[in-house]
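A, B and C label the chains in the order they appear, each numbered from 1.
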Amino acid sequence: MTGANAPYGSLSWRGASLAAKEINAAGGVLGHKIELVRGDSQCTPVEGVLGLQRMISSDHIQFVLGDICSSATLAYEPIVENAKVLLINAASSDPTITYKAGVGGYKWTFRNYPTDEQRAGIVLKYASEQRHLHKIAILSVDNDYGRGAIALSKKFFQRYGITVVSEDYFQASTTEFLPELNKIKSSGAQAILMYGYAASSRLVARQMLESGLAGKIALIGNGDFTNPQTIKAAPSVLNGAIEAAAWSPDYDSARSKSFVHDYEAAYGGEVPQVHAFTHWETINLLAAAIRKAGSVDPAAVKQALAGISFDGATGVVKFDNHDQADLPMILYQVENGKPVIKGVFRTAVVYPKP
Amino acid sequence: MPGIAIGGRYAAPQVAGGVLIAACLVLFPLVASSYQLSTLIVSMVFLLPAIGLNLILGYTGMLSLAQMGFFGVGGYTSALIAMHFGTPFWLNFVAACLVPALLAAPLAIPALRLRHTSFVMCTIAFVFIIESVSKNWVGLTRGDMGLSSVPRPRIGLWSDGFIVHTTVQYYYLGLLLCALAVAALVAIVRSPAGRYMIAIREDEILAASVGGRTWHYRLAAFVLSAAFAGAGGSYYVHYVTVISPTVFDPSYTNTVLVVVLGGGVGTIAGPILGSVVFVALSEALRIAPELRMVVYGLVLTTSVFAFPKGLIAPLTSALRGAVQPKARGPHDR
Amino acid sequence: MLQNLFTDGLVIGSVYALVSVGMTVILGVLGQINFAHGEYYMAGAFAAWWAIDRLGLSYMASIPLTILIVGILSLAIGYAVMQRLVDVSFDAGIIATLGVSLLLQNTATLIFGGTYQIFDGGWLEPMRVFGEDIAQQRVLIFLVTLVVFGALEWLVRKSTFGKQMRAVSQNVECCHVLGVDVRRVVLITFILGTTLAALSGVMTAPITINIYGAMGEAITLKSFAVIVMGGMGSIGGTLVAGWVLGIMESLVAAYVGLQFRDAVAFALLVMVLMWRPSGFFSTKARY
């Protein structure tokens, strides 16, 4: 029931499994037990499509959660449309997924996760208005996620008075950033706008330390900046880093706290991460939609989901006419080696005119 | 599909066997699940570039690792013209064969001056350069975001026609394309030019001395192999309906190598067998993708020492009690 | 800034040279390209990480242990695969070593998991060299590379084993006649070349931090560019070619764009193959 990508895939699986176990222990939904099946997309459309087709034809699944990777999710949309299987995404952030859903075309795709567009806007708003960072250097990962996030950020540059001094993209395998950092150092940038993964963030932070940029240039964007291991790589560099996330374990709500507690109890003290949370939450959302529909028939559940008002851990979850959930994002700033919540923001998605 | 390879040199049992296998493949959707069919569709996606590699490696003895580069060019070509002009599938497909072939020709001119290791490295560099272009020519390819919502194949002469959308229909489309590709390969290798290519593989100096310029034939083989790869790209892109620079990942090149070498290089049936066996194997190992790549690694390394003629050799010798004389890989000295 | 770019390029170039020189001596003796070469770099980094993280050894102590572990690994692979490549064609050699590469890469991922392991070791405090701050580890990489290349030049030119290496690289049939044990020379050269890649892996790990199964892939591809530029078999040429690649990459990354960094190696590779296939430093063409 979920497309998986190690290690995010296995974390998502843990979240989803916990939700299924809890629901089944409480008697299931409408007398049915939730049974999870998993397939591995390896983060590629081809493998993902194959796995999904196998799950549809051999495992007779009715609902799919997936994928982590946007490119795979985009490939699933036409397939679930043909198969009349309900796809609820809980981790892909490419805005085009829901540009094309609901009134945009695909009727069987829903997303319960904020998009990169929402994230990009929130980060830049905070950076420019609260921190007065207006001169930025772009340094992002060279793939759909990194390039996409920067393309979306550019929509906001004018609104927040931001000028760009340089724009560079790195491979996930790039290990050497000193030449770029030297260039950024002499360009007078106040911040580095980076969309990347934890591994590259550690390297960039470490090499910023080497080139004497600690405390002079802030890291903003998304790249596991608030992860303790990233902070440990270069604490003085990460101080002042800004990142927006869909959820984090210290989010203050009763439902969120009880999830963290149950998750830690179920997995030997492991602290849940955002994908574990979103998949746990989305299984619960699905169960609520099934109860509302009074049936496990995917078409009825789809109807129910479109009009649902679900009390989630981060507020009420509702879907817009593109079947995109309206979700808040939490803004973090690293202070004294610890991530601190600086606010919870919501932005409506602006859909392109057809 | 070997049933296509009917010709004077094939004995009656072989023809009968070929017809039997072809009939089984045509009738397979009656009994198969759509998952089994989609597995075979993936086999056929890899079979098309594998036929190209088989032509260039098996019949002229040049190891080119550029196949998946041309596969991607074919896929992008097919997707782009279908998206911009709404063209029918046959036209997309023809363009997807032609564009990589036209691209391969100028690349081949310097590359074919190189021999052995240098040639192989040069072909790896081609894939990397093509990948770089696909990532950075954002206006055309949308860069890393890739193309999505590629139209499904429309079977029609020009404006109307029937749109392929079920797994069974994709299966028959693939079967048709692979049958055409196998027929084309048979026609090429059994033509005078094809026999000359084999002569180059066996002994280039000798081939040059009996006449003709070996360079022309090696160029032809390189260009044709790119066309086969492009054909695979076209079928692939209209099946998965998305394409991005991840298509140039070396793991796909490795899969094509495993299909050709594991199946039996330099034979018609070898890569066909290879595509079915190794894609089925990778499905069986789907739960552990690393394990699948470990197995691929073992297949490649042991194929060199233990079964240089591929899986097809013991199979044909078991069937006929004699080793097919043509089943000779380039590894034999 | 330009000075920064050059020093950084020299250090990274030294890493490339240290990995590539192993590939080039193996190519010289065996006549085969080792497509799995970057995997020994990966194995070196993993072995050191394992020693530090799991055995609790110091970084210093992890270095000899790494050399030992990778030495044993390459003894096994040398025995099972590389020795047999003496009398097969070049493409069979490529396929066999490509298979070994898949095997090692994915076995590492199977054992240690698909996630990144974080390397914790080395000397990262900056020191001042010619008025510039540079991490001690980077200075160390540069110095170790100079020492290794000096030692290799001596080995190949002066020692008895070096004479055997040169003999095997020139004519295998003659060696059989003269009583040189070709398979033994191949095996020892292979172990030497791969342990140098492993040494490079340990030395670089404190800077690259992230340890994972596929980390050697990019290094293998860059090594192709270095050995072709260096003249396929030339030791001094490899060092200069490594530096050239490292400095070119730094300049391109800073002035053209980071996204073109990895393209530098391929552009240089294709250009050298087109115009000077024997490399910059070779007196004879060796294909």
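FYI, contacts are C-beta pairs under 8 Å (C-beta built on N, C-alpha and C of every residue); 3 or more make two chains touch, one makes a residue touch a chain.
Computed from a predicted structure; not experimentally measured.
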Chain pair bearing the highest count of C-beta contacts: B-C
Most distant chain from chain C by Cα centroid: A
Distance between chain centroids, defined by C-alpha means - chain A, chain C (Å): 38
Computed distance of Cα centres, chain B from chain A, in Å: 38
Intercentroid distance (Cα basis), chain C paired with chain B, Å: 33
Chain C: positions in contact with at least two other chains: 114, 217, 259, 262
Where chain B touches two or more other chains at once, by residue number: 135
Per-residue overlap in chain A, given as positions that touch at least 2 other chains: 142
Chain A contact footprint on chain C (complex, rising order): 1, 4-5, 8-9, 12, 113-116, 118, 124, 126, 133-135, 204, 207-210, 212, 214-215, 217-218, 249-251, 253-254, 257-259, 261-262
Touching residues (chain side chain C, partner chain B) in the complex: 27, 33, 81, 84, 87-107, 109-110, 114, 213, 217, 221, 224, 228, 259-260, 262-263, 266-267, 269-270, 273-274, 277, 287
For the chain B and chain A complex, residues of the former touching the latter: 33-35, 38-39, 42, 135, 138, 143-146, 148-149, 165-167, 236, 240-242, 244, 246, 249, 283, 286-287, 289
Residue ranges of chain A touching chain B (in the complex, touch as defined): 39-40, 42, 44-46, 49-51, 53-54, 56-58, 71, 74-75, 78, 82, 94, 96, 100, 142-144, 146-148, 151
Residue ranges of chain B touching chain C (in the complex, touch as defined): 57, 61, 63, 110, 113-118, 120-122, 124-125, 128-129, 132, 135-136, 250, 254, 257, 261, 288, 290-291, 293-294, 296-305, 308, 330-331, 333
